C-alpha cells in the first residue's frame, strides 16, 4: 500500500455505514438509534468528499452535497431529539422497543 | 224613522258579543304568547295588561252585551211599530191575530220578510244538480224572539256588571284558591278575570244566536256552543276536583240529551229535507197526509228533540247535572244555569211546538210534572243556598215543561221570561250573600244577616215573593196561567189529575223552601259568629244590578189593568207572546183543542185561589219553622228520618245512575279491553309469531349461505393478514434489519440479472 | 522547514513533516503552559488589587511571581482521586478532551506574519469549531464524575456554550464580511498601518461586533460573570467538583488557553493583529526576523491585555443567574449580532457608492481615543482619594477635635 | 509510506475503531464519546481530502452542535434502568452476519480504480477546490458554478451539452428547511405538563 486511493476512503465510509446501520438495528436506546443515523450519514459524507477529491468531475458537487448532508443532519438531530424527548415524556423511557403500539 | 231590514239590528246585536269574544281571545292569546319573552315585546305586553289581569276585558265584554241590549231595544221598538197589538175586545184566536186573516197575509208576508233573512252557508248532498240541500244561516224575528232576546241581553248586561264586582278577586296577579290543596298548601294561580269575560262573551253570542236562528241546524250549533260555554264556566275553577267533575257531569249528561236531539234532526232531515222552522211547519201537514212522514217517525223525532231539551233544561231523568253546576261562579249560575241556557230547552220546545204530537206532549207534561215535584222536595232539605236555588230552578223549569205539555204554550214561555228575571235576581242575591260572607254558601252558618246587607235582603225578598206568586209580582201572572192551564186540562182530561195535583202541591213547597232560605239567611240569631262578624254589604257594582233586576222582576209582566192576570202585556190574552203562538200550524195539524182553551179560560179564578192557599200554607210553615221557631226543624228531621235521608240524597239519583249506567259502562269497557287484549291482540300476536318464524328460516338461509360466502372470503383474507402481520413486529430495529436485508437481496438480485443480461445474446 | 529537514538532514519527507508538526506542537504547548502560569499569577494579583489586597508577595522574591509554579508543583504531587460512582473512562477522558479543544485552536492562530502552525483558509471557522468542542470535555467531566453538582455544571455548560456559539459566530462574520476572507493571517495583514485601519474602527457595526464578540467569548470561556458551570455558591465547584491534582490543572490550562485563543481571535479580527498601530508598513517585511519577533511580542501583549480585561470584568461584576445568562444570549446578543450582520452588509454595499463612509474609521478612532484620554485623565485625578463623600452616611475620615459628630448630608 | 498515507492510516483506524466502539459500547454516554471521536476523525479525513471548509463545518455542527445536543438528550432521559436495554446474543449474531453481508456488498460494489479512468493517484493540490470557490458556488457566481454532471457519466459516453448549475436556491431551501425544523423541534420539545400530573 504505497498510495491512498479512493477505495480506501470508500472502505472507511462503508465501515462507518455498516456500523451506523447496525447501531440502528441494535441499540434499544432511541438516542443510540439517532447516533446510528449520524454514523450512516457520516459514512455517506466520506464517500461524497472522497469522490469530490478523486473525481475531477465531482470536484464541487461532492463537497456541496456533504455540506447539505451535514445541515440536514443537524435538522434531523433536532427533530429526532425533540421526538425522543416527547417519547420519553409519554413512555418514561427511551427504549424504542416500548414503541410497539403499531405492532401487527 | 223607517228601516228596510230592522231584523239586521238583531243580527248586529248577536255579533257584538262575538266581536268582543274575538277581541279578548286575540288580546289574551297575544299576551300569552308574549309572556314567554316579555322583554322583547315589553311595550305591547304591558299595554295588554302585563302580568296582571286587566279590567278592560270586563268593560269590553260588558260594552258589547250592553250594545246588544240597546240594539235589541231599538229592534223591539221597531217590532212593535210593525206588529201592533190587537185590541183586547176582539175574541181570542180569531181574525185579529196578525197572521190570521187573508187580508193580513200579504202585508204580514212582506213584514215577515223584513224580519227574516238567511245566507247560504253550505250545501249538502249535491250528488247531482237536482238533489242538493242548502244549510243556511238565517234569522227570523217574531215576538217570542224579541222578548227572549231582550230578556237575555238585559239580564246578561246586568250580570256582566255584577260580575265586575263579583270576580274582582280574579284581578290579582296571583290568586290563592282556598279550596284546592297542594303539597305547598293552597293553590296559587294567575287571576282569570279576562278569561271569565271571554267565556261570557262567547256564551252571549251563542245564546243570542240560538234565539235568532230560523232553522234547527243553527239552533243545534248554538246549542252545542252554549253547552261548551257552560262546561267551561262550570269548570272555571278547574283545579277544584268538584268543579271539574261537575263540568264533566254537565257535559256528559247533555250529550245524552243531544244524542236524542240529533236523532230528531236526522229524522226530520230524512223525511222533510229541511231544517227551516217555517218550511217544516209548512210541509208537515202535507207530509202527514200523504204518508211520506209516518206518524211514529214524527213521534220519535219529537221525543228526540224533547230529549235534547230535557238535557239542556235539566228535566227529570237528566236533571242531575244542574245542582252540581253550581260549582261555577255565581254570576254564571245566575245567567246560564238559571236565566238563559237552561231555559233554552223550554224555548226550543216552544219553537218547534207543532212537531210534538199529542203523545209527545203528554210525555212532556209528565216529565215536567215529575221534575217540578222532585226538585221541590229535594230543595226542602238542601242547606247550600245555591243548591236550593238550583233545585228551585229545576222545579220552575218543570213548571214550564208541564205548561207546554198541557197546551199552555203562552203560559210556559211566559213563565220562562218572568222566571229568568226573578231567578237571576235570586241567584245574584245569593251571590251577593256569598260574596259578603266570604264565600260561605252553607245556610246553616248564616242567619241574621239582614242588618248587615239590607239591599241584598230586600231584593232577595222581592225575588222570593215573586217566585212564590205574590200578587202583582210578575211570577204571580205566569204561575197563575200555568195553574189555570193545569186546572183546565184536568177538567178536560180527568185521568191526568196528577198534572194538577203536582204543581199545586209544589206551589206550596216552593213557597216553603224559598222562605226557609230567606229566613235562614237573613233573620234570627247568627249561627256562626265568625261569618256574621265579617259579613258586609256588597259593592255597588253588585247591588245596582240587584235593584234593577228586582224592579224588573216585579213589573216585567204588568199590563193594564194591573191586577188582571189575563191582561198582562207580555203573556196575557193578545199579549206579546201570543202573537207568535203557532196557532195556525196547530190548527193545520188539528191539534188545537178548543175545549181545553175554554176550560182554561174559565178556571182562572179557581186556580188563583188554590195557588194562594198552597203558597200561604208554605209560607206559614216556613215561618213556623224558621222565623217564629215554634217548630224545630231538627225534630222534624228526626221524625221523618227516612224521608229526609231520601231527599238528602236527592232521591238517590246519582247512586242509581252510578249503579245502572256508570258501573255497567265501566264493566263493559273492562270487558272490551279484555276482548281487545286477549282476542284481537292474541290474533295479531299469532300472526306476528308466524311472520317471525318465517323470517327466522329466511335468516338462517341468509346466515348460512349468503353470509357464509362473504365470511369465507373475509376469513381467508384475514388469515393472510394474520400471517403477514407477524412481520410487523413494531420494533424499529427489526425494520432496519429488514431494510438492510432487502438492500442486500436487491443487490444480489441485480447482480444476477445483470449477469444474465451480460451473458445473454 | 520541512524542506530543510528533508533535504539537509536526509529525512524522509513524511517523517520530516511529522517532525515539524511535533516541534510546532511542543512550542505551542509550552506557550499555553507558560501563559497559563502567568495568567494564574495575574489573576491573583488583579483580584487582590481590585479587592484592595496585596495578593501573593513572597514566593519567588518580589510580587510572588513564582507562586503559580509552587501551586502547580503542589497540584502535581496531590493524590489523584477518582470517585467510586464515577465513570472512570469518561472521568479520565474529560480534561484531555477539553485541553485538546483548546489546544487545537492554537494550530490555526497566527502569532505573526507567517508565524503560524498551519495557515488555513478557514482559520477563523476552524478555531470556532474546535473551541466549541472544548465544551465536550466539560460535559464528559461533569457526567463522568457521578456527582449531581458536577452533572448540573456540565449541563449548564452545555446549554450555555451551545447558545453563545450562535451570536459569537455571527459577530465573527461581521469583520469577515469586511475582510472577505476567513484566513486570519490575511485579515491581520489587511489591517497593516495606523490604528484607524483596525477593523474595530472600520464602521459602527464592526465596533459593535467587537463588544458582542468579546462578551460571547467571555461567556464561552465560562468566565465570570458567565461562570455558571462552576458557580461555587450554588454547585460547590460545578463540573470540576470531583477533580483534583493534575486533571484539575488540565482543566484550568484549557480554560486559560481558550481565554487566550479568544483574545487572539479578537486581536486578529478587530485590533490589528500583530501590528503596532502606528507603523505604516508590515514590520517583518522591513527588518526580517527581528520584525517577526516584535510582531509576536506585540500580538502576545495585546492578547494578554484582553485577558486582563476579562479578569477585570470577572472581579468587578457579580455573577448572573442561569436564566439571566440564557436571556442575555437569546434575547439581547442574538438579535444585536443579527442586526450587526445585516448592518455591515448594507454598509459594505453602500460604501461602494458613498465614499464618505470609507472615512468613518477616522471618526470612530478619534472618538475612541478622545474617550480613552478623558477616562485616563479622570482616573488619574480620582486616584488615591478615599471616596468617603461618595458614601452617604459615612463618617468623615478625621473629624476635627471638638467638632460635633454630624453625619454629612 | 508518505506522510499522507501514515496520517490516513492513523486517522482511518481511529475513525473506524471508534465507529465500531459506538456500536459495541453498552453505555450510551460512552457511545456518545466514541461517536465524538468518530466524527472528529471524519473531520480529519475531510482535512486529509483537502475539504477544509467541510471539515470545519463537520467540527462545528457535528461536534459542537449535534453531539452536544445528543449528550444533552442522553442526560435528560438517562434515568431509566440501562440493564433492561441490553440486547440478546442471538440478535448480536444475526446483526453481525447481516452487517458483514452488507459490508461485503458495499465493498463488492465499489467502482474500482478503472471507473474514472486515471484516478489511481490523487489529483495535484492545485486542483483542490478552495473554500472560496465553494462559497462562490453557493453564491451562484457565474464563473464558479460547476458544470452539470451530477449523473457521473463515464467519459466514453457521448458528450452531452453541459450547463452550469447554481446551488444558491438549494442553499436557501435548506436554510429555510433548517429554520422550520428548528421551530418544529422547539415546538415538539416544549415543556408539557404530563397527563395526570407528576408522580
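As written, the chains take the letters A, B, C and D, and residue 1 is the first residue of each chain.
Keep in mind that, in the parts below, a contact is a pair of C-beta atoms (placed from the backbone, for glycine too) under 8 Å apart; a residue touches a chain by one contact, two chains touch by 3 or more.
Quantities reported herein were computed from a predicted structural model and do not represent experimental measurements.
Contact counts per chain pair peak at A-D. Across the assembly, the mean Cα position most removed from that of chain A is the one of B. Computed centre separation for the pair chain C/chain D is 32 angstrom, with centres defined by C-alpha atoms. Distance from the chain A centre to the chain D centre is 6 Å, each centre being the mean of its Cα atoms.
In terms of their C-alpha centroids, the spacing between chain B and chain C amounts to 116 Å. Each chain gets one centre point, the mean of its Cα atoms, and the points for chain B and chain D are 106 Å apart. For chain D, residues touching at least two other chains, in rising order: 1-2, 4-5, 53, 57, 65, 69, 72, 95, 98-99, 102. Shown for chain C are the residues in touch with two or more other chains, of which there are none.
Across the assembly, chain B contributes residues 737, 740 that each touch 2 or more other chains.
Going by the touch rule set out above, the chain pairs that meet are A-B, A-D, B-D, C-D. The residues of chain A lying in touch with chain B in their complex are 21, 24-28, 33, 96-97, 99-104. Note for the complex: chain C touches chain D at residues 12-15, 17-18, 87, 89-90, 93, 97, 120-122, 125-126, 128-130, 132-133, 135-136, 139-140, 143-144, 151, 154-155, 158-159, 161-162, 165, 169, 181-182.
By the touch criterion stated above, chain A contacts chain D in their complex at residues 1-12, 14-23, 25-32, 34-36, 38-39, 42, 45-46, 49-50, 52-61, 63-64, 66-68, 70-79, 81-86, 88-89, 92-95. Chain D meets chain C in the complex at residues 1-6, 27, 29-30, 33, 36, 40, 52-53, 55-57, 59-60, 63-65, 67-69, 71-72, 75, 130-132.
Contact residues on chain D toward chain B in their complex (touch as defined above): 94-95, 98-99, 101-102, 105, 108-109.
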